[in-house]
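If you scroll down you'll find the structure; I have some questions about it.
Letters A, B and C name the chains as they come in the text, with residue numbers starting at 1 for each one.
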Amino acid sequence: MNKGTKAIFMTPYILWLGLFVIAPVGLIFYYSFFNVQGQFTLDNYRNFFASGTYLAMTANSVLYAFLITLIALLISYPMAYYISKLKHRDLWILLVILPTWINLLLKAYAFIGLLSRDGLVNNLSQFFGLGVHHMLFTNASFILVAAYIQIPFMILPIYNSLVDINGSFIRASHDLGATTYQTFTKIILPLTKPGIQSGVQIVFIPSLSLFMLSRLIGGNKIITLGTAVEEHFLTTMNWGMGSTIGVVLIISMVIVMLLTNTKKKKRGQLNAK
Amino acid sequence: MQSKASKFGKFYLIFIFLLLYIPIAYLIIYSFSKGTTMANFHGFTLKHYQDLFADKRMLAIFLNTILIALLSSLISTIIGTIGAFAVHNARKRHTKQTLLSLNSILLVSPDVIIGASFLIFFTSLSVPLGFWSVLLSHIAFEIPIVLLMVLPRLNEMSPSLINAALDLGATPSQILSQIIIPYIQPGIIAGFFMAITYSLDDFAVTFFVTGNGFTTLSVEIYSRARQGIDLEINALSGIMFIFSLILVLVYYFIESHNVSKGRKKNRLEAVE
Amino acid sequence: MKRLLIAITSLLIICAGLAFGSNELQKTTGDTGSKVLNLYNWGDYIDPSLITKFQKETGYHVNVETFDSNEAMYTKIKQGGTNYDLTVPSDYMVQKMKQDKLLIPLDKSQLTGISNYGQDYMNKTFDPGNKYSLPYFWGTLGIIYNDKYIKKGSIAHWNQLWDKKYKNRIMLIDSARDIMGLSLISMGKSVNTTNTADLKAAKRKLDKLAPNVKAVVADEIKMYMAEGEAPLAVDWSGEAAEMMSQNSHLHYVVPTEGSNMWFDNLVIPKTAKHFTAIYKFLNFMSEPENAAKNAEYIGYSTPNTKAFKLLPKQIQTDKQFYPDQQVIDRLQVYKNLSQQKVEQYNDLYLEFKMKH
């Protein structure tokens, strides 16, 4: 392919990069320097870093996202592992993906029913003599429902990396006298690390912005970074402050990404050697 | 790798699958309840489904949602695959890294940020909010996931395969259509289905950039769920579930079809 | 490659089919076409049977879209790209929209039912001479409680919400002005205060309320209170009316220290296009019979005095929703504040929500 056709061929992608990645991010940066009156100001940043509330909210938000990711990972890894060993594993993994095609809000809506005072969970708990609990609008429910929603997204990359493992490695490991446990910790776990990494990335970041769940299930008692952005953009019309929170989020994402990328590079170099 | 799962493994699988499906089953079961809430089953009825099919607005929203999902996934799959080539072919390591980082921005950004920034973007260009703004946004946030699904396949492909083809006198377009595309096809299909998943599952971005009466199911459900439990929504989830089931079966069919063909090819190659 | 092209083509055909289908459906519901009226209303804020009646009488199709706070509605309209013909802001928001030139003045010559409205609800400070707005409903902010858990008649003051025994029991309406306002009133301050010290004190007081708060939501409160999910809530009078019609254990109280009295109004935003339909609708809603039907369905208090007379006696005499003059005298109306002050209210309120 010569250079000219190549350029035309690449145009849609480059256009996308320019229009939908660089421009919006640029606009968010731009808006973060303006207040409600449309004057240039650094107040938004001052507000964010000086008033303890925003920092505390950020810390909380990160903590919740961390817990959601951890729970999802703990449940998903064994799940992916066992599915990868099944005969019709492709079908089973599709059954894992299936719930993600049921809309997120329908699932949240289901949990409103499940967790309410007369819902299934309380009926069961009463049946076992555990009494009625107030489960809706608690932090625990929020975390569990969020983890529930994220589990398929965690299983998928881990499963993919498990399937990609060359069977001969495991056979070799067994031939060399390694126990199943040793094979798991020394071969399988390290080889699935990229899967875990991308799973964590795919789950952690959206978990920072589950504003509809924090409202429907958490009753707005948990204000995540997402809720704050949504409030500022759609309710209080303080786009400047909303953008500032956005910028802080984007910068921290970039830092996280740079860190994981250098790690990958190093490993790549090692492999090359 | 396909040794048998242990007893505990099977038990665990069943348990988690139950957990994954109970909420959905719960929704669907109550879509047949005569009552008005999701507590205590009041006897079987199809009334809520009748209501749903009589609700033309809801049906239009349903079709719109599917339309947005399919169309945006199709376009984003094409652009995303092109993007994968761009990243793969980048000569300089630096360019590659930059492209990859830029690609990941939309992937790692929380969806409210995507929604908010697109909202600013569309309003500053005075693009009216509605079908087109939603479609463009969906395409935009689906591209990176397609790229990430296709790129590993491209990277796995050994250069010797292409070199061999070149040596045998294949033209670049032949190489593309006969070797590269078939090789990365599983990645493309996976990317396409991931894109559909993202589109159907999206709420936040659509919530920010929609307007003018155009809504997708998630936005509609959000506004209805806040007004209380309405078993028509349960009926809707029943329909959605069947629809997803059909899609999954289609995907499984395509995949297994590919695999069996691939195996045949491998066998042939082995014979040769 | 060939198979890929076939797949792409068939997908495109499916898409075309879907687009056609949804377009046809929208045509039958009349979302497109010219004989329409686009109403941007609060959630569940009009009797659906009235819409059917209006459509039958006039042939105009009504598209209803909903919002759940004045601020969200304002943002949508200000930002443009919409085509709403009528919307329903509250008092202070009418003033704000008027200031920001987002409203089109009413053509009084086309209004036939303006004399049906009571003088108490016309010519308010937020819109002198009703140049831009017609009253739709009015109401108050108050406390709803369930007598299964709280002794009947024992709730009368805002300060009771802070009682430690109601830990994790209260549902609050998600509205900056209302929640900041109740804290201000409980300290004996005005709901329109611009004094930063007062506002900060009100927010500090709210922080102490946080442990008692179960959720800060909106329309959901109705369902949860009716189902007994929480024993206490702060919400608007009409919401209370609907809950009470579903659960007889619920009661509505306007605290004795006073509260907010608000007026929702029909206005024409600058995005309006279908003016014949707009005036037909305004006149339709002004007819006593229709206004009464709407009031009975929604449960808020009607400003249409002729409609009020048509309501059942038991509603007319219900002090919870049509309070005595001495109660009304203690109620305060929100005024539009400067942008800076609005921001301060919002910020402090958001900080309160983040503090949980």
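One rule holds in what follows: a contact is a pair of C-beta atoms (placed from the backbone, for glycine too) under 8 Å apart; a residue touches a chain by one contact, two chains touch by 3 or more.
Computed from a prediction, not measured in an experiment: that's the story for all the values here.
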item: Which of A-C and A-B has more C-beta contact pairs; value: A-B
item: Farthest chain relative to chain A (centres taken as mean CA coordinates); value: C
item: Separation of mean Cα positions, chain C and chain A [Å, integer]; value: 35
item: Whole-Å gap between the CA centroids of chain A and chain B; value: 16
item: Junction residues of chain A, two or more chains touched; value: 116, 118, 216, 233-234
item: In chain B, residues with contacts to at least two other chains; value: 37, 39, 78, 226, 229
item: Residues of chain C whose C-beta touches two or more other chains; value: 217, 220, 227
item: Of all residues in chain B, those that touch chain A in their complex; value: 1-5, 9-10, 12-13, 16-17, 19-24, 26-27, 30, 37-40, 78-80, 82-83, 85-86, 97, 99-121, 124, 136, 139-140, 143, 172, 193, 196-197, 200-201, 203-204, 207-208, 217-218, 221-222, 225-226, 229, 233, 236-237, 240-241, 244-245, 247-248, 251-252, 255-256, 259
item: Contacting residues of chain C [partner chain B, same complex]; value: 1, 4, 8, 11-12, 14-15, 18-19, 21-22, 25-26, 28-29, 31, 38, 43-44, 63, 65-66, 68, 76, 79-83, 217-220, 222-223, 227
item: Residues on chain A engaged by chain B in the complex (per definition of touch); value: 1, 9-10, 12-14, 16-17, 19-25, 27-28, 31, 75, 78-79, 81-87, 89-92, 94-114, 116, 118-120, 148, 151-152, 162-163, 165, 167, 170, 201-202, 205-206, 208-209, 211-212, 216, 225-226, 229-230, 233-234, 239, 242-243, 246, 249-250, 253-254, 256-258, 261
item: Chain C residues within the chain A interface of the complex; value: 69, 71-72, 74-75, 78, 168, 171, 174, 176, 213-217, 220, 224, 227-229, 339-340, 342-343, 346-347, 350-351, 353-356
item: Touching residues on chain B, where the partner in the complex is chain C; value: 37, 39, 56-57, 59-60, 63-64, 66-67, 70-71, 74, 78, 122-123, 126-130, 176-178, 181-182, 185, 188, 211-213, 223, 226-229
